[in-house]
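Which chain is which? They are A, B, C and D, in the order written, and residues in each are numbered from 1.
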Amino acid sequence: MLGGEGHSDPWVKLVDYALVTLITINCIFSILESVENLSIVHGHIFHAFDHFSVAVFSIEYVLRVWTAVEINQPVYKHPLWGRLRYLFTAMAIVDLVAILPFYLGFFVDVDLRAMRVLRLLRVFKLTRYSQAMGIMVDVLRQEARSISAMLFVFVVILIFMASLMYMLEHPRQPEVFSDIPSAMWWAVVTMTTLGYGDMVPSTALGRVVGGCTAVIGVGVIALPAGVLASGFSERLRRRRQEYLETVDKVVVQDGPLRPREKRLLEATRIALGLSPEEAQSILHYSATGVQLHCPHCGEVIHRDPP
Amino acid sequence: MLGGEGHSDPWVKLVDYALVTLITINCIFSILESVENLSIVHGHIFHAFDHFSVAVFSIEYVLRVWTAVEINQPVYKHPLWGRLRYLFTAMAIVDLVAILPFYLGFFVDVDLRAMRVLRLLRVFKLTRYSQAMGIMVDVLRQEARSISAMLFVFVVILIFMASLMYMLEHPRQPEVFSDIPSAMWWAVVTMTTLGYGDMVPSTALGRVVGGCTAVIGVGVIALPAGVLASGFSERLRRRRQEYLETVDKVVVQDGPLRPREKRLLEATRIALGLSPEEAQSILHYSATGVQLHCPHCGEVIHRDPP
Amino acid sequence: MLGGEGHSDPWVKLVDYALVTLITINCIFSILESVENLSIVHGHIFHAFDHFSVAVFSIEYVLRVWTAVEINQPVYKHPLWGRLRYLFTAMAIVDLVAILPFYLGFFVDVDLRAMRVLRLLRVFKLTRYSQAMGIMVDVLRQEARSISAMLFVFVVILIFMASLMYMLEHPRQPEVFSDIPSAMWWAVVTMTTLGYGDMVPSTALGRVVGGCTAVIGVGVIALPAGVLASGFSERLRRRRQEYLETVDKVVVQDGPLRPREKRLLEATRIALGLSPEEAQSILHYSATGVQLHCPHCGEVIHRDPP
Amino acid sequence: MLGGEGHSDPWVKLVDYALVTLITINCIFSILESVENLSIVHGHIFHAFDHFSVAVFSIEYVLRVWTAVEINQPVYKHPLWGRLRYLFTAMAIVDLVAILPFYLGFFVDVDLRAMRVLRLLRVFKLTRYSQAMGIMVDVLRQEARSISAMLFVFVVILIFMASLMYMLEHPRQPEVFSDIPSAMWWAVVTMTTLGYGDMVPSTALGRVVGGCTAVIGVGVIALPAGVLASGFSERLRRRRQEYLETVDKVVVQDGPLRPREKRLLEATRIALGLSPEEAQSILHYSATGVQLHCPHCGEVIHRDPP
């Protein structure tokens, strides 16, 4: 299959790197094309490169769908339904979105600016090659309840503070705090401590409420950020722990690593997406002849002999 | 009783969802009504919907008070005193505030803008259906001493920095840093790293003090945010731990779950407000036949046989 | 001795509360006096209240110094040297600074604005009654090396980014980025994510460097904030642990608390500055007949019988 | 060797302090020289001091390279290759960069402003004397994969939000959101919660997207900051743990410390860069006759006798 991520076959790696480079250049060109001067002078280059990229991405898409049956999962095994099922995976949709606007342009009259933004969605094609994005999505899914609950609290406080500020500042600055939606924009800008300065309370009471909003905002915003950060670091820890458990199963404790053990460990390392350095440091911990691992932080606990 | 939150009866659920939808639409309409254009064009719709909501909320309020005696707590058991006692719970007051301004409007001449803000207090009715708000209030109550102590330090530093900045910047910008209350507004905006830009020091010394204020502010603000975040995550952990303990009590270690065990666990899960996925993952940890649980993080500790 | 903080004698408490109230009103009046309108209209009230406060604070100061020998520490025992030594403690200096400017005003011609700021130093008199400030100073002292090392890194990066930005933006905005000190002000405002908006890079390269400065700033600023937060929470934990150890020493395991035990625990609670609720929850943990406490987090570890 | 950092020889210490002072004054002068007024009035002092510093730094550089063979590492042992190898260490390059621009000025016509910035690179010479910088670089190197992965996610979201905002705001504010690179500047300023206010969305949809960008930005930025902070504190912990292990090896458990033990501990303390207070507190924990240390947090675990 095309682009077997993290695969060790040098040809697959080459194709991977070529695609990553192509997508990157593509995004940079899409960004630059929006600059008027560059667009006028180098428009034809941007145009030609876009056609070339769409061609490559189309071939890539067709090949990916075609070879979907070779993915090592029973769901995709069936020649027809497997491929159809693959069509609706997140990555396949991203791949489709990367090329569809171009073909759509032949039939429908798409707005140029919307077209450019749709083209920049190609940047998400890069996420296939990034494990951080995957872990992040996993963490978000797992902590979805907590995060959404906190965002709900955020929104409730936001609405309350915005309506309070509207009441206090509207008489003094009727142009700026013209309605509650405007005041909500002020509240978002304040609670995230952005502070653009386009809307600033000027009455004494408004400033008191504004200060409270900022202080409360810091507290409310710190919660989901903290939950995300700890969820993320726990994920990384678990990956290391899984590797450690494989090491314990695979490695016979006495003597150096045998070729078969090395192959197995390397396969596990790639599957878990650990860097060679990380794997080495885990091995080092494990190789000191320890028996007991803390199941939470994945580190070795030395024990006195009984 | 109406709106038994987290209840499994489908009718209760339906009423819950209907009320949540009504409150949400209500808040959106109150926000939109403040926009002048919309208010002129669609004013009668907003008006009609408000009347309808007040009617529903009034019925809800009366029913809630009436059925208060059926809450499973001895305090509310008495036909009269129980209901009176219920009237003074936080949720009942929120429910009352949601409808009172409307009826008050018949007798007193309430300011339109104040009315709108009071109407937006209805957003707090939603907190009945959110466990995050409850946990947050719990955490705030438990850490109240720490948080208020830190806020005190924040205020002391704020006053000191504001008066220092007033002394340094007043001669140069007498209009902007006109008095110490203004300088305190600057200090709040700086210490929370909001930085609106409406008041900016321009003297060399003022900028040095401003820079120090920002750096100190980051440190001082990080403390309560950190305390809140760790308090919140400990709360979530404890809930999981409680579920785990119930599992240990309820489940007979050998064999799969029996129907009675399943019912008990489900009831516990709902009472603690855990998602089915969270409960499943806790069960998984527990089902591996472990004996020792860490009472702090709620996770299982594998031990070698003695 | 006057103002034995946390003391249980009701008269001492009354004096404490009176002083706290006086200091608070004093600060509020000093702040309000800087507002021109209020100063003109109510100037005489502010004036009279200031005279009254100085009188009270002077008496307080003299009494505190006089009774210094009764502090339960051998250093202050000596009738003369003990009192002189007390004069140079941080709290005594704060007390002196609160009254000195007033008396100095008779001899020297002090600037009015400087006077006002010096008067606001009285806010630090409040720190005597706050344990948070004390813990914070302790944490700062203990982590001084780490924090100052991080601030050093902050300053090095600040200087480098400022000089880079000066080179890039000076030709385009010679008025704004006029010299490196100005650019350093920009760098502080950017690295703390304040973002006043008074100095904004406008060249393409300047914006790239500006973006990097902000991202690096978030990382560099997060470090000392994190160290402070964890140091602070460890302090709180240790206090609880100390209480727990006293409980273990004092309480005879069987039966409810005896009057003598209760008195001892209450004294310990006050000495450590714990709230009654905190103490209760610690007692609850301890009262379940456990033997082993984790010395790090202060919580009880349940163990299987051997 | 010159400047043996953390060495206990008083002469070496004196040279170290002298060099630190010289570098600091140098940086301050370079910063002040950029201020036009000062540059005109005191130009000759700045000039003379710069010549003097370059002379000292040149001698320092030559001596450092010459004595490189005396560093206790086999790589630098060879009289020629060892010195050449030393030339390419990070610190040697920093030392070279500090003097090279001056000598280059004789041959090439360097831009004055660029010269000044290059001169300010001397501030990095200070990092030789700071352990925090070293630990920070270590942490960055170790967490490089995580951090770069998160920065990648940051960039992907940045590009997407920028292009979306460009599409929404360009028609309304064609001057401000003129192209996608400009919109990316807005996105950086928003996601880091800088909020300069030079580019602010004004359409309703633009504000909704802007608010989401800020909230997402807080979450995305919190991750690498959290990883850095925890990595840093783990580093500090490990240093303490290493000291503790040395203590356990060196100290014979019964009786006070002997002179030889004291010398050994002092040497370890200096090598690990711990403050005397930190070392003392670690010793205190260890001296209570404990046998088992938690290998993760470096603290002592009391155990019941078996």
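Basically, contacts are C-beta pairs under 8 Å (C-beta built on N, C-alpha and C of every residue); 3 or more make two chains touch, one makes a residue touch a chain.
Fair warning: this is a prediction, and the values are worked out from it, not measured in the lab.
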Proportion of interface numbers common to chain A and chain B (over half same, under half different): different
Chain pair equivalent in interface to A-D, over half of contacts matched, among A-C, B-D or C-D: C-D
Greatest separation from chain A - chain, by CA centre: C
Geometric centre distance via CA averages, chain B-chain A, whole Å: 28
Chain centre separation (chain B, chain D; CA means) in Å: 40
Residues within chain B bordering two or more other chains: 181, 193-197, 225-226, 230, 294
Complex contacts: residues of chain B adjacent to chain D: 193-197
Chain D-touching residues of chain A, taken from the complex the two chains share: 27, 30-32, 34-36, 113-114, 116-117, 120-121, 123-124, 126-127, 130-133, 136, 151, 154, 181, 185, 188-189, 192-198, 221, 224-226, 228-230, 232-233, 236, 275, 278, 294, 297, 299-302, 304, 306
Residue ranges of chain B in contact with chain C within the complex: 142, 145-146, 149-150, 152-153, 156, 159-160, 163-164, 166-167, 170, 178-181, 184, 190, 193-197, 200, 204, 207, 210-211, 214-215, 217-219, 222-223, 225-227, 230, 291-292, 294-296
